[in-house]
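As structure tokens, here come the structures.
Presented sequentially are two complexes of chain A, the first with chain B as partner and the second with chain C.
And then the complex of A and B:
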């Protein structure tokens, strides 16, 4: 960790000079918090399944000079809004990775959906990693959905083969009264990528947030998702699907904070863990004193396919109000023998039968998504993933050179 | 919730009396000398002193863990006396009933624990009564000895069956296991030792009754139960303490070894003093309980009804090492006023075909915090292993908390783990329905709570079931609302 603090101290001028100005105001507090917290070890409950210290230990290069490339000059009003909201959800005191990101980040993507605007077409944020040396990248996304607006955001992470990458991403989402935000996060990187995504959202009265994370290919993926329901009748839906094999590691850590009465939350996470992969899910639902009439459901189902694969699951309820309806369920198991037998009887090969059942298992998450056009696309991606045919270059036209 | 329910007046802790017997208490504080003193008072062999010293030296290197969902008062380990002997006036420990101080006899009578061997009173139950650090009396020894069953205090077992004790002591919970296990291993006083030989079915329930009496002391008992091949035993544990405004420490270890095809049932009705309505005083119940299912097709079942203690922090666990072994955990934990509980179990499946069931019912009232925390681990060799866990929480009142922290760790593709949890409150509809039919609000709540806990209460041996049911309603009286 010390190398990051040293880099920050020694290159401060360079970092500040190539950044969006308001990001610079938060760096000192972040550095101080990081020095105090240190990177989380596996003794810390929230990070017990992921070796953060190990992931941040190697020396990665950072491109401090060209980090900020202002493609389009933002509107002054939007900038003011972003400046006021930046860092209000992603507290540097509460999380060391968020602190590290805040200390070093130089660029930010801001999406502002004006009041009442209904965006049917998704806003696509594609992130591609290319480098000739091991690279660390710190990313920041800020989304403001003004009252009554509606938006779909599609975040797609990809990386060029052959290099080690470490990314930290901090996303802050502000869902105002009656706004509806759907956020889809699809990871298709490779085995040498380490990705930490800290996602923070606040949902106001009558607002709704749908957060979806698909981990298809990658190395180490750690997604922290924290949603605060702070207005009556707010709703949060969290969906996740991880299809992991080889030495992949996928850790989803969620917190849904029912801060006021009358809110709903729903969580569904499914994992298929094959070969030597490790999956982890920890979902915490917090119902604060007075948050009566809370309705919360949490489901986590997992398939463990080999004796080398490992699945940790930890659905947690922390309840301080009595008039609530909360439940969670979690299962770890294997493919249904009877279903396999049924298909074998009908001449379907063992391999195909297993594939069909895995697809059916994952499709429960896909079918739950409100974005119909995306469902078919995701189904194809997941099917390709199960067949081992998923090559992100085939579906990507970002760099233009490797598209075969 | 219903105002009438709220108005019901609380019933006080029934077992809060103190007994005035001449008790020999050693000076407060914990040093190597104290450990040596305890050992010499008990006339222990060198190997046991050695075990204690190793544990003590290890304990000094540890720090008290803080990960529980508990607001724990600071414990000054030097302010506790680690040995209190109420039988000290009789030099060699009581040989017959006549030698027991009548005050002590009366104390246990008051608790409903008969020390006389009268079947009709005891209901065919053999009792080992432990006050503070010393076992006062074990009943029915002769009847059991005829079958080859050993049931005595652990100090006696050290003297009379040293080989057995040496073989099994620390084999399930080593002194390095955790902070409180190390502490207990260094200073443990009395507790029960049970050995059921091969092929023997214990003809009666064995029971130990623990009581903390003296002020400024802690209780550090140690229980060791061994069921050899094809043996069966049902064991009950009960506990109470006087009302005091200080926190008293109870850090026990229970070790159970179950060999091939043997079965052990362990039931606890824990009713240590829970502290007063403002949360002053009460017992800190920090216990390590673990069973090793060593044999094939062995079976162990933990049943616990937890109503007492200011703080309960324990996880009666099972290590399923024998092929086809089976473990069960049934728990009802009730917290009221300022009580806190962080309890549950660990099921560690290491062998093929192992099965475990967890049924946990938490009830929180007043300003209490009640957490279930449990681990289910399926090791790589646990082919076809199966676990089912269900934990429900019932909230009575809006100032209490109910929490669930289950951990699952699966490394085998053929193992199946299922967990479900729900949290709810007593519905107005149910209350209304009962009251419409002339059932008073107090009885209605009792009825609903007992119905909710029935899955667990049904698992208790008959002698305990009625007591537990009564205890459950007493613990909740005046707090429902």
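And then the complex of A and C:
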């Protein structure tokens, strides 16, 4: 960790000079918080399943002189809004990785959906890692959905083969009254990528957030997803699907914070853990005092395909209110032998039978998604993934970029 | 076409089959009867290669080949079909997707190209008629939420698609109402080619009224203790198994 603080202290001018100006105002507080917190060890409850210190230990290169070209001329009002909201959900005091990101980040993508606007087509944010040397990248995304607006955001993470990458990403999403945001995060990186995504959202009265994370290919993936329901009748839907094998490690850590009465949350995460992969899911649902009439459901189901594969699952329900309807459940199972045999008796090979069962398992998450056009596409990606044919860029049209 | 010799098999370390000898020639239908727990389903499971069952002695020759050396899917693709006593539910795997995978596996085995989706839809429609299977069922997951009778009907529907040359029907009649029994049994007869053979496991004569057996066997405690013509099934229907046991 000290290498990051030292880098920050010695290169402060360079970092500030190549940044969107308002990001600079937050660096000192972030550095202070990071120095105080230190990177989390596995003794810390929230990070017990992932070796953060190990992931940040190597000396990745950091390009502090990146050229900054604005995607479009930033609107002054949007910038002012972004400046005011930046860091209000992603607290540097509460999380060391968020602090590290805030200390070093030089670039931000801001999406503002004006009041009442109904965007049918998804907004695509494609992130591609490409480098000739090991590289660390810090990313920042800020989304404001103004009252009554509606948007779908599709984030696609990819990386060129052959290099070690470390990324931190902090996303803040502000869902105003009656707004509806669907956020889809699809990771298709590779075994030498270490990805940390800290996602924070606040949902106001009558608003709805749907968060989906698909871990298809990657090395180490740690997704922290925290959603606060802070206005009556707000709703959060969290979906996750991890298809991991080889030495992949995928850790999803979620918090749904029912801060007021009369909100709904629904969470469904499914993992297919093959070979020596390690999966972890910790889903905390917090129902604060006074958050009566909370309706919350949480399900984590996992398929562990080999004896070396491991899955840790930890649903946590904390209720400090009355008259709530909450349920949570988690299962860890193997492929159903009788179903496998039934299919083989019909002539289907053992390998294909296993494939069909895995696809069936994952399809429950896909079928739950409200974005119909994406469902078919995800089904294809997941099927390719199970067949081992998913080469992260050649086979996918999600981001629209052609990579050769 | 199927020759079982001195077959012994165990499940969970317990010997269930204690020396079965049985020969079924092309086109023949053999009925297999016997009390609960006698080992009838065990025999079917052993024949189709269920991994929970271990053959400890004996041999099975199928069309001149060593059946026991083949994988379950090879046996299936060589024309062996089991209508399960208790068909399993497979949530999330759509019936039509499953059947297409099975059908194409067989085509691949025969060295043929996969069927086009258009042709497959036609095939499904045509075969559904034979067993009067509701089209709603084929768009659902395999057996999921099917009634007991619907599951049995679905077994024969799958048989209709795959056109096996050797069928084992394990209590396909149980769970079927009177009309369904007639439809399914007549469907089976319609699907049979002159050289299709079958082992029909049942407790009741009513199925054998439709599917007429050439030979009837009685299995007791892991052995075939009596073999006769169709009249043997009628005797059992009237008198149960005790008289056979007493003669032992």
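One rule holds for everything that comes next: the second predicted complex is superposed on the first by the 391 of 404 C-alpha atoms of A that agree within 3 Å, B and C clash if a C-alpha of one lies under 4 Å from a C-alpha of the other, contacts with A are read in each partner's own complex, and residues count from 1 in each chain.
Simple rule for what comes next: contacts are C-beta pairs under 8 Å (C-beta built on N, C-alpha and C of every residue); 3 or more make two chains touch, one makes a residue touch a chain.
As the structure is a computational prediction, the values presented were derived from the model and not from experiment.
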Going by the contact rule set out at the top, does A:5 touch chain B (first), chain C (second), both, or neither? neither
Using the superposition described at the top, determine whether chain B or chain C touches more residues of chain A. B
Please indicate which partner A:123 is in contact with in the superposed arrangement: first for chain B, second for chain C, both, or neither. neither
First, second, both or neither for A:339, with chain B first and chain C second: second
Contact-wise, after the overlay, does A:85 reach chain B, chain C, both or neither (first, second, both, neither)? neither
Considering only the touch criterion stated at the top, classify A:14 as touching first (chain B), second (chain C), both, or neither. neither
With the two structures laid over each other on chain A, which partner does A:330 touch: chain B (first), chain C (second), both, or neither? first
Contacts for A:309 in the overlay, against chain B (first) and chain C (second): which applies, first, second, both or neither? first
Residue set of chain B touching chain A in the complex reads 1, 67, 69, 378, 380, 393, 395-425
Residue numbers on chain A that touch chain C, as the complex places them: 336-339, 341-350, 352, 356-357, 359-361, 363-364
Can you list the residues on chain C that touch chain A in the complex? 48-51, 71-73, 75-77, 81-82, 84, 87-93, 97-99, 101-102, 105-106, 109, 141-142, 158, 162
Under the touch definition given earlier, write down the residues of chain A that touch chain B in their complex. 45, 289-290, 292, 302, 304-334
